[in-house]
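Heads up, the next two complexes both have chain A, just with different partners, chain B and then chain C.
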Partner chain A sequence: MTAIAWQRRRAAARATWREFASQRGGLVGLIGLAVITVLAVLAPLVTDASGLDVTRVTARPWEPPSASHWLGTDHNGRSVLLLTWWGTRISLVVGLAATVLSVLIGTVVGIAAAHFGGWVSAVLMRFTDFFLVLPSLVLAIALSTVLPRGLGTIVLAIGVTSWPATARLVRAQTLAVEARPFIERARALGGGHGHVIGRHVLPAVLPLVFVNTTLTVASAIVAESTLSFLGLGDPTRVSWGSLLHAANMHGAVSQRAWWFLVPPGLGVVCVVLAFTLCGRALETVLNPRLKGER
Partner chain B sequence: MSSLLELRDLSVHYRTARGEVTAVRSVSLGLAAGQTLGLAGESGCGKSTVAMSVLRLLPRTARVEGQVLLDGEDVRGMSWGRLRAVRWAAASVVFQGAMHALNPVHRVGEQIAEPMRLHGVTGSVSALLDQVELPARAARAYPHELSGGQKQRVMIAMALACEPRLVVADEPTTALDVVVQAQVLDVLKRLVSERGIGLVMISHDLSVLASTCDRLAVMRHGQVVEEGPAREVITSPTHPHTQALAAAFPTVGDPASRQVTPSEGAGGPVLLRASDLHVSFGATKAVAGVDLEVRAGEIVALVGQSGSGKTTLARTLLGLRKPTSGRVLFEGRELPRSASGLRAYRRQVQLVLQDPTSALNPRHSVYEAVAEGLRIHRVDGDESARVAEALSQAELRPPELFFPSLPHELSGGQRQRVVIAGALALGPRLLVADEPVASLDASVRGEILALLLRLRRELGLAALVITHDLGLAWTIADRVAVMYRGELVEQGTVEQVLLSPRHDYTRTLLAAVPHAQRSTRPNWTSSP
Partner chain C sequence: MIRHLAGKVGGALVSLLFVVALGFLLFRVIPGDPVVAMTRGRPVTGDQLAELRARLGVDKPLTEQFADYLAAAVRGDFGTSYVYSRPVLELIGERLWPTVLLTGTSTVLAVVIGLWLGIRGAWRRGSRSDRISTGLALAQWAMPTFWLGMLLSLATGDLFPSGGMRYPDTPSDFVSQAVDVAHHMVLPCLTMIAVVYAQYLLVMRSSLLEEMHADYLTTARAKGLRDDLVRRRHAVPNALLPTVTLVFLHLGLVVSGAITVETVFSWPGLGLLTYEALTGPDLPLLQGTFVVLAGAVIAMNVVADLLYRVLDPRVRAS
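Now for the complex of A and B:
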């Protein structure tokens, strides 16, 4: 009889998609994301990774855009187009991984705090407040200085510092859902914590978590760029933040090498904008209260 | 007799995504000053739409045809400025749900004065409060500091602020319990007779209208199906819909509306027993020393005003809340405290909640809702067969047709049946029903009550029905327990308690029930 449930879920997914597709902003964001993701995945197949190796460059440093190097070259003579293209991969991976980590912590803490109440809630919420009041960038900088440098550290630093807002949001939504009488009915039927959370609370909270995820990705990508720009990223990998860091370090401004500064910056803007557009559209679809205001 | 309000051939259509829906279909009604007109009907019959059209308060999607004459002037033809002048000064509204119609951040005095200020009328807030029997200092209170009945009276004072000649009261007592309802109705009646205003009163409860109105119009599907003097409409209804509505609110003491014979459901072994049960929330005692028994196959009604602790008592009996002291025994054994022990207990005792709309998860289909209990208890066997059986026991037939439906696709009565089916699927011995029909339409109430009775007859299912409605207790219960401030002040058979009450509080409750003075009303006040 799960066939009924699946049929209904498919129908619900179709309806959600139709509503999403009716919003031009969300659609533009989604198409943008799809293009960027495909480019990032295809980078090793379409381009030659040896172009990233400083010892193998042939072009001169600080070359302005030309037919052979569309976006010019950096201080080592590497193609900025190639660097930016490869930078997409790291930015997306870090952004998504950090978001998954942050949303996971936030959801678990939020649901647990609201569901169990009492001292569990008090402890968890004070813990959340502690992270909420710490300046997250400073905390992330501190973490990535202490821990060994690498991709994992950046993900951890961003993930561990950006979850409190999600936790608060999820807690509020869980409290609202748990006040509904069908939760009491489930308890009266004999359902335990696992049943109430798994069958009733989680499905009701997930849409919100989903929206929150897409919006968190955007800020995680910005955070990654910030940390890398400050020189705290993985030095062996190219990311947009580390490109900007390199440009700053080697005097791209004094060289008037705008072609080195603008592409990674625009990359960040495009991805963040695309995620935000998607998130807002999704929010409108899943949160009926916002619909009237359009 | 010049008529204050006259509706001539009024029709209202709403533009919706599915095309135009007609809410009101050529309704013609008249009301003279000093008169009260009752508008009865079930939810969705168009009675509120009629009321709102009087002041042109309908949403933009509404299209109105016909005439609404207020003192001979058509409201539809009025200019915006004229309409503003007429609103509140000539006709005002007591909105449904006083809880939400007052602004929580302003003192009620300011809110009563607001229409006076807007219309440049002079008047005194304390005089208005006096009219609705509230002390003048209530003006300084915020809405949350007042009780439901007091808020409703503030709404009435607000409606009277500009001395209108017509007041439209939309379900003015729906959220109130019997004693408070009687007080509010008395205020309205007195105002009509003293000040000669015209009152249009809307309600789904015929007995409320019967006790206040001169004339009564019964609406169904946007049309007036019966209209006439209130007494006549109630005592000898001609239209079947009116008969159904009248039957849904039985008179206590009327043998015709009693649906149990005294021999039924008596003498079974004691199923559930509470002894000296106390439940406190901090300093407040919600349940203070209750002894109650429910026997196998017996229907017990637990009656009381809101705030009397009856819901807390029910939760405690179900093991959803721990008692502060005292014991709950099921078949002579104390309620288990462990999670697994309580889970086993839940197969025996099930809960039916007041509002089926919120008691069902809107994302779960009927099948999932009914199968939920089976899955929790890992009941072996053919799940879909059990679900089908429970649904047909709850009279949803054929059950397979309802499997994929979502709650919002069902009517209120069908939803309550799904909740009951979900409880029945576990094969319980006792149902605890918390106001099982309070949120249902009149014609559906009877069906759900009949279902409870049939389940008792066929499955031997005992029930503890919690209600504020004495008529309901009279219809289906074997025994009644009256709860007041956390204590059971009186219990016994229905006939004993409701026909010759011993405790003052029971008498107060009975006196507050609005009645139509139908036929065989026993004179219980003269009994000792």
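Now for the complex of A and C:
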């Protein structure tokens, strides 16, 4: 790669950033994400993890918010603020890991289907369409019921049920790129499958994949909270979904314990909204057709 | 047309077969020994385990098990629930109507509200009401369904029943039963609408925005048509077409909504049955609900495709 190419890429990145920064929604989302990520990383440094241990609680159960417990306590007397704070970590990690898995499967299937064509494409697309129609939560529930409980299972269950949309998108984009003359030139000069995909198709498809990733994270985090809410999460760890599961199981609604219900759900809403705002802003930057429409 | 119909129905049947096979893979192959999963955490003797294995037929080789399973599935036999000790299909049959009632009512209402707000938003793009309704839709889309349900239940207090489908002491005549069920349905229905309508709003809005610059709208305006006639007669019918497909494509969303909403409000439908099956874990029952829910979504997609051909003359001609 020559220096000129890198210079051109840096200029393109700067232009993309300028356009992204000119959109208020995207900027708000990005700042929100930064704040939440910093809070999640700082949790073990700033707070005391022993407060999560049910056997070492000092407060009474179902205490409403007060000066000592800003968000009250849960059914065990643990601080809801602390639980929600720590829950951020698992929700983010699971959401991101599941997204990486899902986008990886989707990109590989999409590029393979478009690049190789023929029966490979026919089989892969039939497979993709089948998974696209299948209600993903039902499949994810089935997977996480039959596999041993744990973070890995949840990541796998969400990852393998959410890739078809990415695959279709990547396939369409790959087809569009491969129809252009420079691919024919690369082939005529003796470029093999690896060269064409690695050097020409991937760089052209990646921006779109990146936009799609930010939107997939949002739905993966909702999926995590849903599975944990149904009691399919890792029982040894605190996530927003598992907190809501506990709230539902121990009758937070009939206890009128709004302080136990509101914070974890609000966490999900904030993160999902932040990712969605970023994704929509990026989409507008990278898709000229949308400019001025939103 | 007949050929197309046959092709679509054939494709759906293949998908259905895939679902049934996937059910076998998920619930018989992946768990390893289902008997161990069933008896997890309970003291059992070796003899009891062997007896259970023989009764479930899991002591045979996998290929033979699969053949037996397929033959039974074609007959509509999905085995017996561990927890209820009753045929799975019978349980599903009992729980089908509450789910159809709940999801049907809320989907129709969500479609009407979503499309209406989407059309209004796109037509007056950028206005304050457009910004508010789009923002609200995005926020509601970000909300986990079950959380919204719990919040609604918390906020309304004793105004509506917190769970179930009817009170045990309601008189058995039709009117009081219907009123009772409707009363129980308010909160679950509201929750499902709130989460699903946002999807329809956003789809309808962007689909109408795509049509906004079309030449035929300029022609219609040049003819001197009033603004709302241009919208109703020309723009909306065209924008509605992609929306119809998406409404059906998002039925998977309705199914997942049903599972969580029915769990929160103890609505005795297929969603609550799925939840009961996964807490067991009652694998035959979960397998049954898996096949039925996935099958229903596949069937609805065929309906969507056929409906699309009826609605869009361009697709019919090609």
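FYI, the second predicted complex is superposed on the first by the 291 of 294 C-alpha atoms of A that agree within 3 Å, B and C clash if a C-alpha of one lies under 4 Å from a C-alpha of the other, contacts with A are read in each partner's own complex, and residues count from 1 in each chain.
One rule holds in what follows: a contact is a pair of C-beta atoms (placed from the backbone, for glycine too) under 8 Å apart; a residue touches a chain by one contact, two chains touch by 3 or more.
Predicted, not measured: the structure shown is a model, and the values here were computed from it.
Chemist: With both complexes superposed on chain A, which partner does A:130 reach: first (chain B), second (chain C), both or neither?
Modeler: second
Chemist: Is A:189 touching the first partner chain B, the second partner chain C, both, or neither of them?
Modeler: It touches chain B, and chain C stays clear.
Chemist: If you stack the two complexes on chain A, which partner ends up touching A:108: first (chain B), second (chain C), both, or neither?
Modeler: In the superposition, A:108 contacts neither chain B nor chain C.
Chemist: Which partner does A:286 contact after superposing on A: first (chain B), second (chain C), both, neither?
Modeler: In the superposition, A:286 touches no partner, neither chain B nor chain C.
Chemist: Quick one: is A:57 in contact with chain B, with chain C, with both, or with neither? Answer first, second, both or neither.
Modeler: In the superposed model, A:57 contacts neither chain B nor chain C.
Chemist: In the superposed arrangement, which partner chain does A:248 touch: chain B (first), chain C (second), both, or neither?
Modeler: second
Chemist: Counting residues of chain A in contact, which comes out ahead: chain B or chain C?
Modeler: Of chain B and chain C, more residues of chain A lie in contact with C.
Chemist: Is A:181 contacted by the first partner chain B, the second partner chain C, both or neither?
Modeler: In the superposition, A:181 contacts chain B only.
Chemist: Contacts for A:203 in the overlay, against chain B (first) and chain C (second): which applies, first, second, both or neither?
Modeler: first
Chemist: Would you tell me the residues on chain A in contact with chain B in one complex that are also in contact with chain C in the other?
Modeler: none
Chemist: Which bits of chain C are touching chain A when the two form their complex?
Modeler: Residues in contact with chain A: 15, 18-19, 22, 26-27, 30-31, 37, 125, 138-139, 141-148, 150-151, 153-154, 162, 209, 249, 251-252, 255-256, 259-260, 263-264, 274-275, 278-279, 281, 283, 286-287, 289-290, 293-294, 297-298, 301.
Chemist: For the complex, which residues does chain B have touching chain A?
Modeler: On the chain B side, the touching residues are 318, 320, 339, 342-343, 346-347, 350-351, 353-355, 358-361, 363, 365, 367-368, 371-373, 376-377, 383-384, 387, 403-404, 406, 419, 422-423, 426.
Chemist: Touching chain C in the complex: which residues of chain A?
Modeler: For chain A paired with chain C, touching residues are 130, 133-139, 141-143, 145-147, 218, 222, 225-226, 229-232, 241, 244, 247-248, 252-254, 256, 258, 261-262, 264-265, 268-269, 272-273, 276-277, 293.
Chemist: With touch defined as at the start, can you tell me which chain A residues reach chain B in the complex?
Modeler: Residues of chain A touching chain B: 1, 4-5, 7-8, 180-182, 184-192, 195, 199-200, 203-204.
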